[in-house]
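Listed below are the structures to be examined.
Common to both upcoming complexes is subunit A, partnered first by subunit B, then by subunit C.
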Partner chain A sequence: MNVVECKGLAKHQGSVKALDDLSFTIKEDTITGLIGRNGAGKTTLLKILAGYWYESSGEVRVFDEHPFNSLTVSANTILIDDQMSFSNSLTLQELLQEASNFYMNWDMELAQRLFSYFNFDSKQIHENLSKGKKSTFNIIIGLAAKCALTIFDEPTTGMDAAVRKDFYRALLKDYLAHPRTIIISSHHLDEVEDLLEDVLLINEGKRYLHLSIDDLKEYAIGLRGKSAIVRQWLNDKEVIHSQSIGTDRSYVVVKNDFDHDRATRLGIEVSPVSPSDLSVYLTNQKQGGIDDVFSKREFR
Partner chain B sequence: MLNTEGSKPIYIQISEWIETEILNGNFKEDDKVYSQYKLAEMFTINPATAAKGLNLLYEENILYNKRGLGKFVSSNAKEIITDKRKNQKLKGLIQEVVLESERLNVSDDELIEMIKTLMEERKGELK
Partner chain C sequence: MMSLVNVNLGNVVKKQYLFKLRSYVGVFTSLVVLQLIALLFSLGGTGGGGGGSGNFHVMINYYSGDVVIIFTILWVFINGILITTKAYREDDFSFVTNRLTNNLSNILFLLTASLVGGVTAIASGILLKVIRYFFFNAEPIITTFSISTIEIIYGVLATILYVFLFGSLGYLVGSLVQLYKKLAIILPVAFFGILFALASRDIMLVEGVGEFYFKETSFLLFTVKVITTSGILLIVSLTISNRQEVRL
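Then we have the complex of A and B:
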């Protein structure tokens, strides 16, 4: 069963097309990583799925309903991001109690265990927490709510490396015990990739790729060698990224659809491309990289 | 235990890890191997990825299925794994050695001599 279905989804914000003809489906009980550059439309998409925002055109279905103003979607969906606002007249402990009234599958035992593991003080006020602590509290809400569709939008903002690692492990363990549909957007693809089943890569509001993480890992391959030899090898291949190294060597990323042995025998080094690097290469602007912003200057 | 730096797909690393466990005798003939969920929990990976690793071994007849019970080690699992590793891993390593020798202008005889010396040394150490 598909939990999320989008067809030709678009969202205009003034003259900007935040989402543009976006189509995809998300299967039940999978963990999908939503990946894209800043401004690619990730947050816009997640807010529409959670029913916060109205789409401009196209079709969006969550649990086979239109999410905006849908009680079913609201009751079964939670969106965790760094803009969650909580009442300042309630303490953190009271917030957990209140949350349990909102979500029918609320797991208070898990909430309390995480609350004390991450050293929260019951009497603290959400607004006074540090950025990382706010994010940590929010993910406790996100995990304990046990919503059939759980969405995390950049959940690890401000968290230190140790807490991020704990969160990923907590998410996975809870998912194994209570499978549900999870969408997680993150700039740290290298950190979350092992948790994911599928990756949805969006660029400028459009779907760029939607495939399993294993296929993404094998999607492209890096070739390193003498520029002349590498260039010769490239004639019929789709180049995703290329850069020169030193004076006469090149590193080129191409689609992985050929026999590596032949390249190796020509003395070309063949290496895998991490999903994280690949997403950057795939979504790079055509006008060149950061170097082109600066005027050309010879360093001696 | 897994190399998450990304060189090999995780599901292949999972299948290789189980293979090594079989070669080491930690999983014996007709033993039940870990389920996709147990592997997911052990290595903090998606259970679908773990399942893919298990299926790879099933397709290669290293594991067999018992409906509803899980996957078990085949009787000739060790042989299959050893043969496969000889053909793939060793071949790959030798290819690298040959290429590097070319780059360094090491002659064929010199290379073979180096390998022989190394093997003699190993034999000496093992005595």
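Then we have the complex of A and C:
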């Protein structure tokens, strides 16, 4: 069964197209990483899936229902982000109690264990927590709610490295014990790639790639060598990224659809490209990078 | 795969309503403070007059809970607006909800607030007379204590209805502002502008509307008028907020 189905999904915000003709499906019991640059439309997509926002056009189905105003979707979906709002008149411990009233699969034991592991004070008020602590509390809600569709939108905002690591580990352990459909959006693909089964890469509101993480690791290959040789070699290949190293050497990333031996024989170094680097290369608007912004200025 | 949880509307509304009773305690503490202030204002008398001839002089002071009722009405109006704001609305959206259950539980909460507000306002009026009688007994007091129980009940019911009417009005105003933020400025300006414009042509809008609701002598008719009006205000609120996006 598909938990999420989108067909030609679009969302306009004023004159900006946050999402534009986005189509994909997410199968049940998978962990999908939603990857994209700032402003690619990740948050917009997740808010539509959770039923917070409505789409401008196209079709969106979650558990085979239209999520906006669907109680079934709301009861079986939780979206964890840094905008979650909790009452100021309830303590953290009372909030866990309230959450347990609303979410039928709520795991209070897990919630309490995480609560004390991360050193929360029962009497604290959510608003007074630091940014990282707020995020940590929110992920406790997200994990303990055990919703069939659990969505984390940049869940680690403000967390320190140790807590981030703990969270990913907790997420993986909990997923193995209670398989469910999880979507996690992150800027740090390198941090989450060991966790993910699938990657949905979106760029400028459109689907760019939807692959398993293993396929993504194999998707491209990096070539390093003398610029003249590399350029010759490239003639018919799809270049994803290129950059010069020093004066006469180049590093080029191309689609991985050829025999590596021939390249190696020409003295070109062949190396794998990490999914995190690849997603950055794939979603770069133009050839070149931040260096070009400055180098062009120097010529003037 | 986890089996999908089935929920029904009534159940979610009930949970949200109970959640609101626990998390909106501030609403009720502000009522206590406001009614105490109103009581303090009323201790000096809410109206009065005097007159006399020769050695004979009469001073009349009225002591009533009217100020308390007016404070309570303002309180419910403001809270009607408040519970439509982002901070309150989005508390619901951290848990299970949709826009309909959010509105329905808000309406139930307003109803409860009106009940509490109405009963305490009338009780404060009685308390006022008691305080006056026992602590300020410098002058003889002619009390209206002897009114029948049925009259007190009518008084309480009517107050609850007034309070609910203004709560519903506040809720509509709040929902409109949520729909279009600039209405927060446009609405009050337009309201007072129209009021003065009409007054300059000798059309008293407030008095006209007031007469329709407040001068109604039949209790049944009054109840019908208030409930119908509140119903319309709330249905309009429900309709306009049904496509409201959250966590913007």
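The rule we apply is simple: the second predicted complex is superposed on the first by the 292 of 300 C-alpha atoms of A that agree within 3 Å, B and C clash if a C-alpha of one lies under 4 Å from a C-alpha of the other, contacts with A are read in each partner's own complex, and residues count from 1 in each chain.
By definition in this document, a contact is a pair of C-beta atoms (placed from the backbone, for glycine too) under 8 Å apart; a residue touches a chain by one contact, two chains touch by 3 or more.
Since the structure is predicted, the reported quantities are computational estimates derived from the model, not experimental observations.
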Would you check which partner chain A:Gln83 touches, where first means subunit B only, second means subunit C only, and both and neither mean what they say?
-> second
Does the superposition put A:Thr72 against subunit B (first), subunit C (second), both, or neither?
-> second
Is subunit A touched at more residues by subunit B or by subunit C?
-> C
Answer with first, second, both or neither: which of subunit B and subunit C does A:Lys217 touch in the superposed model?
-> first
Please work out whether A:Ser116 is in contact with subunit B alone, subunit C alone, both, or neither, and reply first, second, both or neither.
-> neither
Once the two structures are superposed, pull the subunit A residues common to the subunit B and subunit C interfaces.
-> none
Interface with subunit A, subunit B side, in the complex: residues 2, 4-11, 37, 40-41, 43-49, 52, 95, 99, 103
Touching subunit B in the complex: which residues of subunit A?
-> 30-31, 168-169, 172-173, 176, 190, 193-197, 212-214, 217-218, 261, 264-265, 267, 271-272, 274-276
Which positions of subunit C touch subunit A when the two form their complex?
-> 1-9, 12, 15, 18-19, 22-26, 86-87, 90-91, 93-101, 242-243, 245-247
Spell out the residues on subunit A that touch subunit C in their complex, using ranges where they run on.
-> 1, 28-29, 47, 51-54, 63, 69-72, 74-76, 81, 83-87, 89-90, 94, 98-99, 101-105, 141, 146, 148, 178-180
